[in-house]
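Below you'll find a set of structures to go through.
Same chain, two partners: subunit A is paired with subunit B first, then with subunit C.
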Partner chain A sequence: MKPYRTMARNSMQSTFAFRTAFLMAAVAACFQLVATVALWSALLSNGGSIGGFTLPEMKAYLLMGYVTGWLGNAIGEWVLANRIRDGQVALDLVKPIETQKMMFAQTLGGLPMELIMIVTVGAGFVLVAGPMPGPSNIPLLMLSLVFVMPIRFCIAFLTTQLVFWTQNFHGVSWARNAVGAVLSGSLVPLSLMPTWLQTTAAVLPFASLTSTPALIYLGKVSTPTAYLLIGVQAFWVVALWFLARVAFRAASRQVTVHGG
Partner chain B sequence: MVAETLFAVRRNARLYRRSLGAVVRAVLEYVADFWILIAAGIVTQSLGLVFLSVVMSRVPHLNGWSYPEMVLIYGLAGVSSGIVPVLSDGIWQLASFIHNGQLDYALTRPAPPLMQVMSAWVGFNGVGDLVASAAMLTWALTRVDVHWTPLNVLILLILMISGIALRLAMCVVANTVSFWLRMPMPMFAMTAWQVGELARYPLGIYGFGLRFLLGAAAPFAFAGFFPAAWLLDRGGYAWLGILTPVVAVLWWIFAVWLFRRGLRRYDSAGH
Partner chain C sequence: MALLEAHDLTKTFRRPEKDPGLRGSFKHLFQRKYSTKTAVGGVDLSIEAGEAVAYVGPNGAGKSTTIKLLTGIVEPTSGEVRIGGLVPHRNRVANSRQIGVLFGQRTQLWWDLPVRESLALLRDMYDLSPDRFRAQLKRFDEVLGLDELLPVVARKLSLGQRMRADLACALLHDPRIVFLDEPTIGLDIAVKDRVREFLRQLKAEGTTIMLTTHDLGDIEDTCERIVIIDGGRVIYDGSLAQVKDRYARERRVHLQLGSELTVTELADRFPQATVTAGAEGRREFTIAFDKAELTAGAVLAGVAQIAEVLEVKIDEPAIEDVVRKVYAGELLLAEGSTP
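Take a look at the complex of A and B:
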């Protein structure tokens, strides 16, 4: 357990060492939020609703999109991607610890910085962009938020393994982020999308990242459905964790130790 | 004098082409990467289209702009920002060049350093961006209500080229800031790029602060929205569109001046 704790602490310290980068990211996020609110305000200027979302509800939805977007995101998947690319992963493989758990510990270490980003920018957003409804069921919301980070980690860990085959992680990461933005509901609520996209989103893990917590926050789902959705989140954590593990065993046979 | 300048321009254009060509050959060593990047560009550009089509299937007009008009603005801005990675992706490495003291290499060679830095890499994701944006633009141009004449086709082309030049200059400026910021990553330029993405929607939806930012302080709106407003003859904004070439020239003068100032600060020691 101790090596993992050390890893988590080191990665936490690295996020604080690169605080300027996070400050810039916060600035960019503020612009993004202001712009998206402006867009939705223009769309809902007549006081109506789109797909059952009024303007205040949409603002709360965007807030949840921002919050869930940070969870598990401060320590980039780049750490592993670069280690695979330059062959250093060979050293990780000979260490008496599991690479997957090591990466998870590092991702956990990003949590304090993520919470700072969430609280500072999020609070500013609530004050400036308000009025918006508060969370309808705080315990359930918290429960569903707990699952966001592990799911995002597993998806990232799975896609990062592609670097064993390709030298270029930019493309993989961009494409996955774009697909994720649509299917997680962070771009627009899933209920607004055409049926075929909703069906696709229903069988993939992305919706557990944003749509589930946001719908629970807004009380758009009944309590039994909320429990069901949280169950789905839990299912994805377990399933993706083991899938990533099996995949890593196969992928690490591809390692090119001389770097690529 | 004129002949000499012309000679220098032609020589530099040839060097630029050859420098990019060398990168293209290097990247094509990894064919899978090439296709992944192009696919990533297409998928990323389609995001905005998904957003617009989902939302505008329920609301016919946004701030007075119809769906094809929104796609036109989105596509125009996409074309001008999509060329940046193709022509000058190397500029994103400037921060790391300064950080590692690697800029020395460019300074010792007999070609303009800015040109060498810009052509040090080719981002093939830009090709994907261009394919997707050009498709959106074509789709929109056949659907918007415009009376086409040879003159306005010509002016539209000039505005588009100016928009591209403007985006290139702004990208150079945003990365040149690295001479003063002392960070190994171009964080400022990344933030600026994200701000630029906001200019892919009609400027009128934003409040005063963002309108001032996107229209004047960092005039991303000239690389998409204003030219589109000119083409569609939207009062208030249309005449601004025709100013795009002027803004582009001014920003290039600023970019070159700033880069020279930055070079004077460069001490090749790294940090």
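Take a look at the complex of A and C:
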């Protein structure tokens, strides 16, 4: 356990070393939030609702999209991908550690910085964006938020492994982000999507990242359904963790040999 | 049983075959063609505890691949490896506690952190007690001058500093056997000397060392055994002294004389040797001979009888010359006896 703790601490330290980068990310995030709020304000200015969301609800939804977007994201998947592409991962294989746990610890170390980003920008958003409903069930919301980071990590770790074969992360990352943005509900709520996309989202893990916590926040789902959705999140954590483990075992056989 | 045993170790890779240019890449999308390349083919190796082995060969000979196979990073296509009874790629975690690895071209330091933090992380990975950790740092400071590097962020280190820190990382847990893949690559003379001194010390302490390098100066003081690999196969495995004795017997005596002589006069005197005139015509000569047939002393004594000798320089071939000849295909080494 100890090396993983140290790893998380080291990783936290390195996020603080890059505070300027995070400051810029915060500015960019504010810009995006302002733009999407403006868009929804225009669409819902007459006081109606779209897909069951009124304007205040939509603002709260966007806030949750922002919050969940940060969890597990400070240590970018690029850090993991580069470790594979540069061949650094070869050195991890001669250490008495498990690469997956090590990278998870690394991701976990980003949490303090993520919370800072969430609290500062989020608080600003609440102050500026105007009236919006508060969370309908705080304990359930917190519980569902806890699962976001592990799920995001597993998805990132799994897709990152494709680098063993592709040697290039751009394509993999673009594809995953595009699909993820739609199917997680972070772009627009899933209820606004055509049925076939909703069905697709229902069988994939992405909805657990944003849609589930956002719906629980807004009380759009009944308490039993909320428990069910949290159960689905827990299922994905376990399933993806083991899938990633098996995949890594296969992928690490692909370690190519550079330089003779 | 030897500490490290490798038997018929083989690794083949599949490599995509593309025609040149965009057209070739496009065609490859639809018509996949691959060729199989053997990086390492049937390597047998046995290293006893405490031995220091130099593993040399030209670029692309399969040196690094062998190291990756021996350390368990890469799984062999066929054949087997055992280190201290463990199969490296199957018992990665247990094996990693008994081996140390350094790849000169890569760093195991965390890029954005001070060296101290990387070492602390390794301390926790290998479960070293605080006392043991301190003692190790002190030891590394003595030979590698580590203290001044501890507070520096890894990405700000110079190459030489980085290598010193990386050596400390690879040896922190006192491995039984250490694999060093080009530990002096790109280093200046001063740092190189420091690293070599460190290797000598390691060897003296009884650590088993396997060293690959292109700089044969690295091995002359440290290793008593040399394994030469080319085209994925071991072409020589024997003692370094034996290689030198058998294949580096030529001596060259360069002479500057006070009076003039001809090549013929000298050649007549030393029929076993080859005499060539130097730049200064009849006052400068090089006499090359096999040290088994003639000695430098005999040459000097013989020349002194017919001319005044002003300057003498004797060249002894370094192991480098032998290996250079092997690489160039000029010398076919006979199978050496494994020590």
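Please note the rule applied: the second predicted complex is superposed on the first by the 257 of 260 C-alpha atoms of A that agree within 3 Å, B and C clash if a C-alpha of one lies under 4 Å from a C-alpha of the other, contacts with A are read in each partner's own complex, and residues count from 1 in each chain.
One rule holds in what follows: a contact is a pair of C-beta atoms (placed from the backbone, for glycine too) under 8 Å apart; a residue touches a chain by one contact, two chains touch by 3 or more.
This is a predicted model, so every value here is computed, not measured.
**Student:** Answer with first, second, both or neither: which of subunit B and subunit C does A:G87 touch in the superposed model?
**Tutor:** A:G87: touches subunit C, not subunit B.
**Student:** If you stack the two complexes on chain A, which partner ends up touching A:H170: first (subunit B), second (subunit C), both, or neither?
**Tutor:** first
**Student:** Between subunit B (first) and subunit C (second), which does A:L43 come into contact with in this model arrangement: first, second, both, or neither?
**Tutor:** Touch partner of A:L43: subunit B, not subunit C.
**Student:** Let me test your reading of the model: by the given contact rule, A:V179 touches which partner, first (subunit B), second (subunit C), both or neither?
**Tutor:** first
**Student:** Look at A:F31 in the shared chain and tell me whether it touches subunit B only, subunit C only, both, or neither; answer first, second, both or neither.
**Tutor:** So A:F31 only meets subunit B here.
**Student:** Considering only touches as defined above, state whether A:A21 meets subunit B (first), subunit C (second), both or neither.
**Tutor:** After superposition on chain A, A:A21 lies in contact with subunit B alone.
**Student:** What is the contact status of A:I118 with respect to subunit B (first) and subunit C (second): first, second, both, or neither?
**Tutor:** neither
**Student:** For A:L63 in the superposed arrangement: first (subunit B), second (subunit C), both or neither?
**Tutor:** Neither partner.
**Student:** Which parts of subunit A are touched by subunit B and by subunit C alike?
**Tutor:** Shared contact residues on subunit A: none.
**Student:** For subunit B, which residues count as touching subunit A in their complex?
**Tutor:** 30, 32-33, 36-37, 39-41, 43-44, 46-47, 50-51, 54-55, 58-59, 62-63, 125, 183, 185, 187-188, 190-191, 194-195, 198, 201, 204-207, 209-210
**Student:** Can you name the residues of subunit A that touch subunit B in the complex?
**Tutor:** That would be residues 20-21, 24-25, 27-28, 31-32, 34-35, 38-39, 41-43, 50-51, 165-168, 170-172, 174-175, 177-179, 181-182, 187-188, 192-194 of subunit A.
**Student:** Would you mind writing out the residues of subunit A in touch with subunit C in their complex?
**Tutor:** Residue positions touching the partner: 2-3, 5-7, 10, 13-14, 17-18, 86-88, 90-91, 93-98, 253, 255-260.
**Student:** Which bits of subunit C are touching subunit A when the two form their complex?
**Tutor:** 11, 13, 39, 59-65, 68, 71-75, 92-97, 99, 101, 103, 105-106, 108, 110, 112-113, 117-118, 120-122, 124-127, 153
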